[in-house]
Amino acid sequence: MRNIFFMIPVILLGYSTAFAGDTIRMGTEGAYPPYNYIDDDGNLAGFEIILGNELCARANLTCEWVKNDWDSIIPNLVSGNYDTIIAGMSITAERDKVIDFTQNYMLPRPSAYVAASEDVDLSGVISAQTATLQAGYIAESGSTLIEFATPDETISAVSDGEADAVFADYDYLAPIVEASNGDLMFVGDQVVLGLGTGMGIRESDTELKAKFNQAITSMKEDGSLNKLLIEWFGEGILTY
Amino acid sequence: MIFDCSSPDQLDRLMWSLCYLSNGKHITFYYSILKVLVLLALAAPISIGLGLFLAILAKSDISPLKLLGKFIILIVRGIPDIAWFMFFVIALDQGLEWVRHITLCPDWTEPIRQGADFLVCEKAKLPGNSSSETIHEIYGFILAIVTFSIIFGAFAGNIFYGALEAVPKDQIETAEAYGLNPRQIFWRISFKQMWIYALPGLSNLWMILIKATPLLFLLGIEDIVYWARELGGAKTPRFTEYPHGDWRLWYFLFLLIFYLTLTKLSEKVLDKLTRKLTYGMGFSGENFLQRQ
Amino acid sequence: MILTCLEIIQDYGLRSIGLGERVLPKTDITICHQATLIGSGMLWNIYFGVLALILGFFFAILLSLGRRSDHQIVSYLCDTFILIFRGTPLFIQFFFAYFLFLSLKKAFPVFDPFTSAWLGALIILFFNTSAYSANIFYGALVAIPRGEIDASDSFGMSNWQKFRSIEFRQMLRLAWHILMRQYLCFMLPH
Amino acid sequence: METVIELVNVKKNFPGVSVLQGVSLKAFKGQVTALIGPSGSGKSTLLRCINLLENSDEGEIIFKGNPIRWKGIGVRRSPKDKKQVLEVRTKLSMVFQQFNLWSHLSILQNVVEAPVTVLRWNKKDVEESALDLLEKVGILEKKDAYPNQLSGGQQQRAAIARALCMKPEALLLDEPTSALDPELEKEVISVIKDLAREGTTMIIVTHDMQLARDIADQVIFLHMGKIEESGNPDRIFSRPTSERLKRFLAS
């Protein structure tokens, strides 16, 4: 009787558990080009998707991508909805308290301000994505912070005049500034924040962390990581 | 694709729009609209079934069952929906996994909770890690339907309970006078007459259910709101064949029209149903609705 | 203990409306901190709730009268207004209105304040409760016994007199309970 | 003469009010017993006690020689044997002041409902006799209508057909005409008179003295929960002895 009861969801879900192998579920945001985004066909694309697939191949893991909103990306890792976060997430001491990180696969990158005019006052209203390094930085800088759930909206806020400037990752901003035909521009100084970008992994998952660390090291050593970085972020990128 | 969309930047406006609206990303958007309709189509009958069950429990002569029925209705209605959406799904998911964990992996010695982490053995995971993302999405969607059904089932239960109470006492007394036993009275008289008293409440609940569907995003499901925001947001040419400015206004206008149509259609159908049900029952539909 | 709590209230009590400390405390978060921050957030609830309900109450009366009006265009407009705001999810209305105000603002600077929550969200809430309340009022207006209206006609009351002394009171009396129940649902986080 | 129902010293209290203060009576087979009296005298309660819709607190109710068996005493008294209750209720069919037709069933369905579900009679036979009865009360053409589409008089006639379809030992009629306009009253009265002429056993509570006089074999005058006077209609209406009855008839 008990067993029948517990079998119902299993039957419903197609005996999914029968072949439990080494499938790793990779959580990403899908809204943060060039790191990760959804292409025209509705599939995930971007630097981290290529990187993640390569890392999985090197670690001999089967990987499955999962899209998740940024706000809840850490809680859902912790509660086991997926096993890694690979979403342009900077390694910070604060996050490290809740989850673990692999070694970084990108060196610390500058964050920058983008505004609609040159003479904007950077102590005014600055937009940033919720729960990011940049939001934390603005909150402490004395400017007025307005937060948005998606990176998209932080840019719109500037175009729409909601915010005086947006403060975000330089690599995310660069293609947007380029495409704006001069409507948007970099202003102020760049600031380097965080300890580089790494994969988030549950604190208890030490084995998985080791596997990925090893894979990242191997990509660093044979230069394939550098090649990938340059391909996606241009020659100016800091390489290993 | 049906059209030749290989180089969108060279297409004329109409073809461009057709190609744009039929690209893979938009198909997922249409698919999310379908999700809303499927949710409605499944959650409504399940809620009604659950509501009937709860109302029958609450009307039972056996006092523990009666209390149980009333208690469930009260609890679910007393807790704000938002709380249900935020916590219930996680609790349900983890509860299922926990139960499977103790049955499927009895040898597991490590604690399930390690700090903030919730860890069950590989076999106990729902769905399993190796199942495809589609299975995971279906599982999430089933959880969403369950959540909606429980919330709306309790509300429906309350409506049915009230409707059963609203069946005139003399109709029941007459049945008693003619020797019908309590069972027969319940099923042949109260239960059948109850529908007409429940209908206004149920119509209302259906409208609320329609308007609650955008809350799917709270359950981590990529719903129409997610895709409207994603598709509407400005796109730079580097990452898409179809760059455009901020079109979110138009996507949300579309959603407004979608919901308005759904409401209007429902209104028409429910009106017809009311008229049919109230036929000969002594209240013309409109008068009746106003009496409520 | 009480003193430090007072200090916390001073620092964070008005945070949600942009006064006092901006940065949240990182360590030593006490119950007092949490209560103060939640309370501070509730300031908004009260602001939105009270303003939208009060304004909506009066607008709803106008709308319900408009819907009952013999003037076809007026009646149609009021009916459509009620349909739109009752027939679509509030959530979608918020989004739509925000983007609408954004585009309006580009063309007309008058709309500048509309994209901020204190005004934009208020307007939508105001319209929304107005539509729901108007529907209740309309139901009540129609439910006033025909005989009472006939009686006031027979005493030669003007339309305004009829409304003020008969219909308005009857309407309030009939609608009151449903209205209060709705207000309660509106204020609770349902 | 065979006694269908006999009451011996039946008492009934509602909280704070004593409705029946010891009523004894006999209703005979083939006869019409009329209960008259001012409002609040307990006539309807008495009828409901007979049909066991209301539990009396004290006294005997004897149905065809068998006393009802009780459990508990006083206000907590209730029938002991469900089968017996069923027997009484199916053999004494009630006609209500407000007709109480089941609003979700058509007229024909109303008539066949109880014989088929309670007595488990063959549905075809019941329908046949139902149609006969509907013809008899003159509303055969309304058999597929719903109760609320009928006038009060038609509804009450349908209710009478419904009661007769149980083939009861007696009909209990609780002010069957008081909810009707004078015009509609006539239709119902003529049906009741026909039934009386055919020798249907009836206990009827009524305000209509003319009706009581015309059809009753026995008239019982209730006042303040007690039988003040009883006898054949001629005597009761022409030569009342008690002051109260005189005053009641004069008003």
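Think of it as A, B, C and D in the order they're written, each chain with its own count starting at 1.
One rule holds for everything that comes next: contacts are C-beta pairs under 8 Å (C-beta built on N, C-alpha and C of every residue); 3 or more make two chains touch, one makes a residue touch a chain.
Quantities reported herein were computed from a predicted structural model and do not represent experimental measurements.
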| item | value |
| --- | --- |
| Result of counting contacting C-beta pairs for B-C and A-C, higher pair | B-C |
| Chain whose Cα centroid lies nearest the overall Cα centroid | B |
| Subunit A and subunit C: spacing of chain centres that average the CA atoms, whole Å | 40 |
| Whole-Å gap separating subunit B and subunit C, where each centre is the average of the chain's CA atoms | 26 |
| Separation of mean Cα positions, subunit D and subunit C [Å, integer] | 58 |
| Inter-chain centre distance, subunit B versus subunit D - centres from mean C-alpha coordinates, in Å | 51 |
| For subunit B, residues contacting two or more additional chains | 229, 246, 248 |
| Junction residues of subunit A - those touching two or more other chains | 156, 160 |
| Touching two or more other chains - residue numbers and ranges from subunit D | none |
| List of subunit D residues in touch with subunit B within their complex | 51, 53, 86, 89-90, 93-94, 96, 98, 100, 102-104, 106, 113-114, 117-119, 145-149, 162, 166 |
| Subunit A residues touching subunit C - in the complex, by the definition given at the top | 139-140, 144-145, 156, 160-162 |
| Residue ranges of subunit C touching subunit A (in the complex, touch as defined) | 18, 22-23, 102, 105-106, 112, 115 |
| Subunit B-facing residues of subunit A, complex | 2-3, 6, 9, 12-14, 16-21, 23-25, 31, 33-34, 37-43, 45, 62, 64-69, 72, 76, 78-81, 83, 98, 150, 152-153, 155-156, 159-160, 175-176, 178-179, 202-204 |
| In the complex, subunit B residues that touch subunit D | 170-171, 173-181, 184, 188-189, 192-193, 196, 279-282 |
